[in-house]
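Labels for the chains are A, B, C and D, by order of writing; each one numbers its residues from 1.
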């Protein structure tokens, strides 16, 4: 089994730069999470974007679509900001013959308490058990594109 | 979707007691991991045993079998020590019409770097996507009972 | 020995709010750090402000000065943002017959890797060993007001 | 300012080896703690022993004494298991013209919640502010050799 993982930014990879007192997307933490999980499968990792998903443009989504479409792996995980994850998911539905799972985090992976490790583990299981298609994997549930919304009060994805 | 989670002990729940300089099974960390993941499904949790899996007896396995069999949930996760996880998995194959996923950890969930969060996330996805049957979910892979061994040097489960 | 701890905000207590994609001062983490350290002295904690120290006004500093001056404890720790910690320290020099130690953090206490625990431990030792006066305790060193600058490139306090 | 740090083992550096289900002293975590604290002083680190302090012999204590005595630094921190820290401290009183601070931890530094970072920060402040002599720095307090006991129920050092 081989999995391709694309990072596009979002909270999961956010870091804190004190000198600017701002919060930016840093290097992806996914490789570190997989190292700690001591995973027994092969994967390829590629960073496409480092963007807060609120800042993603149509061009950015086209780039993600092109990258995933042009990749030879059947099993694909895309880490993504949560605010526009569903927009990207809907566009990725144009791709056939792949299992594509989008995931992210509500709390940065650098935090002591983050949903990042759980979500990456969840996505890794989902991508190898689900049939071809595009899925959002958040909060321990699997959603279909266009059938999900982010509840900002509960900080949780819900079915529409 | 409702999931039942049984804790039986193992490294995932190990804590350190300084006064005895020993290392024992403590309270299960699963509820805390699910809280941080802010999960959007319901679950029931039950602690059956608090044992290192090397110390598990035939009686212990019978108890686990009885508990899982007698439970009304279709989707069941069992957290378990890694050394005899496969022994228990083989016995649980006597149960029909359930998806049963066993998981655990190589490093205690209380450690800064632990595979516990990843593995629980992985198991939660596996239990809701796999067909009826018994599975071991470790190191980002899904194994069938009797078809797996723990490689103590790599600290990783492998296919037989 | 009794210590009074005032929290005024700063990076040490910053949290991340996903829905706004911003980073704000939250509840102080100091009590949690002292709980984990299982400290053997008594202390009183009071939150005065929850501000990034770049946003502190003259009025804010007057409030801190009044609070510390009006407090009955001899030993006082003030957690503070790093960018204007020295400004506040210089004003606190108007107070006599107290040991006042200002500290903070370059990385939020909620991060897996943060200097917060080290710095709080450092400040707790400094406040009980130093003579009356005002001190800044950062990066494992003790500085006097007006004799220190924050090096933004090294993310470290240095002697002037 | 230069500080010499000797590691001798103890809970602070304990790690967990799953294959043996035991708990052993590993590499010292002190350098990592100082790196995260981004300290602004120079230090030298030396690992003398990797022992649970209950297992320390008279010979081990002689070795520690010789090492500290033979070292050229005035400021010395010794990380040590808590159970016999005071025994070693009493022997180190034979050394003149140095500030020697012993510290350790009740919970391994590898744990999410450990007193290790706080205690190292505390010791670093203590060693640079206290007069010549030998001190135990635990639970946010400074103790003199022979005037302290470890309360195993509270997991805390107390004055005799």
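Basically, contacts are C-beta pairs under 8 Å (C-beta built on N, C-alpha and C of every residue); 3 or more make two chains touch, one makes a residue touch a chain.
Keep in mind that this is a model prediction, so the values were computed, not measured.
Contacts with chain A and chain B are shared by no chain at all. Contact with both chain A and chain C is made by no chain of the assembly. The interface formed by A-B recurs in C-D: of the pairs listed in B-D, C-D or A-C, only this one shares over half of its residue-numbered contact pairs with it. Between the Cα centres of chain B and chain D there is a gap of 37 Å.
Chain D has its Cα centroid 43 Å from the Cα centroid of chain A. Rounded to whole angstrom, the centroid-to-centroid distance between chain C and chain D, based on C-alpha atoms, equals 26 Å.
Multi-chain contact residues of chain D (touching two or more other chains): 106-107, 112-113, 155. Those residues of chain A whose C-beta lies close enough to touch chain B in the complex are 1, 33-34, 36-41, 106-107, 113-115, 117-126, 128-130, 137-142, 154-158.
Listed in rising order, the residues of chain C touching chain A in the complex are 11, 14, 16, 18-19, 21-23, 52, 54, 82-83, 106-108, 110-113, 152-153, 155.
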